[in-house]
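Chains here go by letter, A, B, C, D, E and F, matching the order in which they are written, and residues are numbered from 1 within each.
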Amino acid sequence: MVRFDGRSENQIRKVKITLDYTKYAEGSVLIEMGETKVLCNASVEVGTPKFRPEGSGWVTAEYAMLPRSTHTRSRRDINSLKLSGRSAEIQRLIGRTLRSVVDFEALGEHTITVDCDVIQADGGTRTASITGALVALKLATRRMVEAGLISKDPVQGYAAAISVGVVDGVPMVDLCYAEDSNATVDMNVVLNEEGNIIEIQGTGEERPFTNEEYSKMLSLARRGIKKLINAQRKALGE
Amino acid sequence: MVRFDGRSENQIRKVKITLDYTKYAEGSVLIEMGETKVLCNASVEVGTPKFRPEGSGWVTAEYAMLPRSTHTRSRRDINSLKLSGRSAEIQRLIGRTLRSVVDFEALGEHTITVDCDVIQADGGTRTASITGALVALKLATRRMVEAGLISKDPVQGYAAAISVGVVDGVPMVDLCYAEDSNATVDMNVVLNEEGNIIEIQGTGEERPFTNEEYSKMLSLARRGIKKLINAQRKALGE
Amino acid sequence: MVRFDGRSENQIRKVKITLDYTKYAEGSVLIEMGETKVLCNASVEVGTPKFRPEGSGWVTAEYAMLPRSTHTRSRRDINSLKLSGRSAEIQRLIGRTLRSVVDFEALGEHTITVDCDVIQADGGTRTASITGALVALKLATRRMVEAGLISKDPVQGYAAAISVGVVDGVPMVDLCYAEDSNATVDMNVVLNEEGNIIEIQGTGEERPFTNEEYSKMLSLARRGIKKLINAQRKALGE
Amino acid sequence: MVRFDGRSENQIRKVKITLDYTKYAEGSVLIEMGETKVLCNASVEVGTPKFRPEGSGWVTAEYAMLPRSTHTRSRRDINSLKLSGRSAEIQRLIGRTLRSVVDFEALGEHTITVDCDVIQADGGTRTASITGALVALKLATRRMVEAGLISKDPVQGYAAAISVGVVDGVPMVDLCYAEDSNATVDMNVVLNEEGNIIEIQGTGEERPFTNEEYSKMLSLARRGIKKLINAQRKALGE
Amino acid sequence: MVRFDGRSENQIRKVKITLDYTKYAEGSVLIEMGETKVLCNASVEVGTPKFRPEGSGWVTAEYAMLPRSTHTRSRRDINSLKLSGRSAEIQRLIGRTLRSVVDFEALGEHTITVDCDVIQADGGTRTASITGALVALKLATRRMVEAGLISKDPVQGYAAAISVGVVDGVPMVDLCYAEDSNATVDMNVVLNEEGNIIEIQGTGEERPFTNEEYSKMLSLARRGIKKLINAQRKALGE
Amino acid sequence: MVRFDGRSENQIRKVKITLDYTKYAEGSVLIEMGETKVLCNASVEVGTPKFRPEGSGWVTAEYAMLPRSTHTRSRRDINSLKLSGRSAEIQRLIGRTLRSVVDFEALGEHTITVDCDVIQADGGTRTASITGALVALKLATRRMVEAGLISKDPVQGYAAAISVGVVDGVPMVDLCYAEDSNATVDMNVVLNEEGNIIEIQGTGEERPFTNEEYSKMLSLARRGIKKLINAQRKALGE
């Protein structure tokens, strides 16, 4: 089967990770997965929220789409005075994922906020955000080490995310918007370097799915994420 | 291993489903899973949101915790003028799950809103909400059929949800709060009667988890949900 | 004259006060006045708002109706981003009433917030809230004394509230919703054990009322509140 | 006993009602009760809110204090994004009172909004608002009749409001701020021309009060309101 | 050419500056420019916002229109939960202007907030606000010196504002509403005593304007502002 | 004098206008003025706001800065639930400017919203937004003509904006952030092709400025804008 954009089922889109896309953030990354483009900016601030124990850092994320990143313009959240439920859900997911790879003692009393702003959306913006945010985070902590702010890099290992789904009965990886909106099953997977699961979210959009489908989708995700982690390493020169 | 409250790993808490807990809602259910208590009220309204196609219905959910449903009092959302991100995430999950079992043509141009208000929280409020909301929904649609508003029940089959997790290295089902706050891995599973997956959300809270752990947790969930669906049937007299 | 639900003009509805309805609040009470059901949870926190003098405590209240506590579903405040004017008015009334029986020096630098959440509304929710909140408050302060947090109970005496009104020309006590919505005159009365007035709010809904009507309504209220204070005492085992 | 500002217990402050204080409103009134000054502007709009029956009008009120109408500056509501609970309570009271004297059939499908903006606050702003708002309302409806928009004046009779209270054990009428903040009992009374009660709100600020105190306060209010209604008539040239 | 209200092109409206219009504010001024009336109240508070350097004061302004200060009633900002963009723009302008004449060292750690509330709007409310706010500010700082709170007056010199515009091809000063809404070019000018520019904002409402038109408008503004500064001096008795 | 970044006083920064920076907007432009980068996306929608006359179109703008477009991260507006006053002011300016060059009859009943999102801020973001927004607008209307939606281009001629200021006593054009934050005088100028003034906003940040300084700044602005209009033409291939 040939997909919408000529890819095979197990082929991810062309990934491009541009470091230092903007100049002020401690870690700035533009990640492109095909036509999906997300700007991930990591900002380091001294101090942590009140709920954190002494001596320990914090990492959080915010996610938003520019009004015309999509086919039709969407209203800015500030105009309805409400953060969209979808954005709330996604930024919680990004934050949890980032925190899962951070040693908060090593980070010390710093807060790192990673802003994921979607410039252009063609499916998979939440997974692209995670993959890009991790690079921005690593860039920021590396500079903290270089600047002598902390003594060792608090980011422990790599992690990346990809979407998988079942479209027209066929499991496939890294869905673009056209595929995503026709998927009967939709799953977002975040794995670490060892292929272990950091986060998994599967939804039977049109019908429930079987554990066999789950297994096929997970294998596809595993292969795709391996490539993404390679791209992360390469971008960071490791 | 004996758990905190004397249960074995594969044992769910005592479930109690009380129908018609309040008298105005078209479907009213109090679900208790051990000490967790959620009031699920389904309200039927004529008409649907603008984004729905003609002749087709809609189902949505709202979720909130009463301020003192938890160990310490939490501020009402209205006082901070923001829906908590957690509530936003959960009510989207409940809504998606309910919609996955509804035939919108059969529902006709009606909107059913299921309000899940947590009276007392001892872990698993989102899964209890899903399990209770489905009963409230079925109660409401059954009455719509009886009243001649619609000709056939739009709710297709049963579905229920349970939490599973890994605590002290041991996979277990239906975590209470004390277990949940110590879980290294946490997963919420929604299955239908056939045991197929409607929604799955797994998080490596403290560390990534393996596919083997996933499989063990899914089996535990499957057994637990079977019991919950039995309780749903029994409550509804089917 | 026989009323809607069989009562005489001077007869209040069956009152039921359940202590410890939930398990986390320092004082938890479910009050039922006929079909009206309000959950009153008192939460104790250390510290007071800035505007309070040193060494002195504070008591406040919040009031809300669950979306489907009424005949038709009402929108949650958080969705319109505004506390309803009615709720604002009612929670100010409950707070004033509670504060009128508290010795703030004896309470010390603690804040007690009583949440009154209406589970089911059949008229008289504000007066039921007051009557129930006072029991929840007493429960909480009694436990503070038992725990040695304070040395004497800061709640001085009893107080309760009831609605009275004129329906079809007849003054009557404790109006249910069907009566309330047909009342030409509507009055809410809060009295202490001695029958003195803590708060009185009367409205000529359909026409102004005379001082004679006022006097008749006040006598009805006085008798009703005597019964309610007895119920409070009995519930608290005093 | 001589009061703070030289008045006797049963003496109201100098009342001054200036018509057409601003030039655009259909009815514009500046009411001064001693040092308390409230601008009451009645605006007529065609159409009514959805909840009104066909052929029937609506009257509503809004109340706000200018930031420096008081001893110390208060923050504008828009800066905290919340209507103050006190303003919410007061504008509901003003609206109810105005509606009690209006024949909605005679008003036809018009909405009249009376804005009560406090320029300077020296106690009794809510009662001054009511007394002034009624004149602004009458001014607006008189002009509607003159302009042929409606055939008869929908405002039926007069009504005015005054505060009464017990200060240092002495019942007195029309409390200024210095008295109000020392009152043990505080009551706001709205009466019509016949002296019947439209609205009554009494609070035992420092201690409960007896029915005898109530009666004394009501007599004081009745005499004061008679003078206010005379002032209203005179201002309107009736 | 004779203008709408009989003035010549270079004639400003009758200006009236009433000191101590309200009694609580440290500086209270009602400024009337023809039918435009703005109440300017300056409030002094101890302390400054966090962003200010130690030992240095702050001056800020807020601007709002009463709902019926205009031909048709406008909704209060609090009801839409949004400060109008126009008010935001204007209060930033007033604040910048006031700050341009203040020596913050001399003011010490005090914050002065000038509230400009429009009672009646007939064009030029923002420039009237500036002219009146400066008098209110001077009144407040003069009293601070008199009270010994500060040793020298931090307000350095005078400043006032006026609107100019091109209507029917004719440049004219101090536009009333009828003129303003027909202006092809509209400019607001703030000058100091020496006639130097503190702020200038020109808009080609209907068409771009030439530098020659700018020059003519600036001369008109300069003459008008000279008169306004005289009025300010006179009002302050200097 | 040599400036911070090597430019002469009358030299603007390198301007780069990239068309079709994103793929969904009807007109998408990335404008770069040195290190300042703004994404301007024009979205066309059928229909106009209620306040517009029949047969006539509307053009509006929104402006926002990405959280880390600046030296230190700023909070998103949605988190404080308030549009920043600065953004409100700027988007009103952009909107007015765009509307000044549009023939609304020719546009027909369409609304064009131009979103200006600042990717990186190094001074002059509001003027860069205007210059870029006009190109995005022209791109969108050109495509409307090509698509046959309208018969002639409603955008009449070119317009661009630049900042000018006085730094260390020297008037200069196109201030970067380091210059802007040291400017004693700051002016933003919007001119059309003929060099006439569409909008002018000058502020004496540190001291008032003379008309001579105004004239020098305007000449600098005129030369700079000529270059910007050339860049606009070239980018659009005209």
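Throughout what follows, a contact is a pair of C-beta atoms (placed from the backbone, for glycine too) under 8 Å apart; a residue touches a chain by one contact, two chains touch by 3 or more.
Keep in mind the model is a prediction, meaning the values are calculated, not measured.
The set of chains touching chain B and also touching chain C is empty.
For the pair chain D and chain E, there is no chain touching both partners. Graph distance from chain A to chain F, where chains that touch are one step apart, equals 1. At the interface between chain E and chain F, over half of the residue numbers appear on both sides, which makes the contact a same-residue one. A centroid comparison over C-alpha atoms places C as the chain most distant from chain F. With centres defined as mean CA coordinates, chain E is found 59 Å away from chain B. Centre-to-centre separation between chain A and chain C, using Cα means, comes to 50 Å. In chain A, the positions touching at least two other chains are 81-83.
Contact residues on chain F toward chain E in their complex (touch as defined above): 81-83, 85-86, 88-89, 91-92, 96, 100, 191-192, 194, 196-205, 207-211, 214, 218.
Residues 22-25, 28, 35, 37, 39, 41, 43, 45, 62, 64, 66-73, 76-78, 81-83, 113, 115, 117, 119-120 of chain A touch chain F in their complex.
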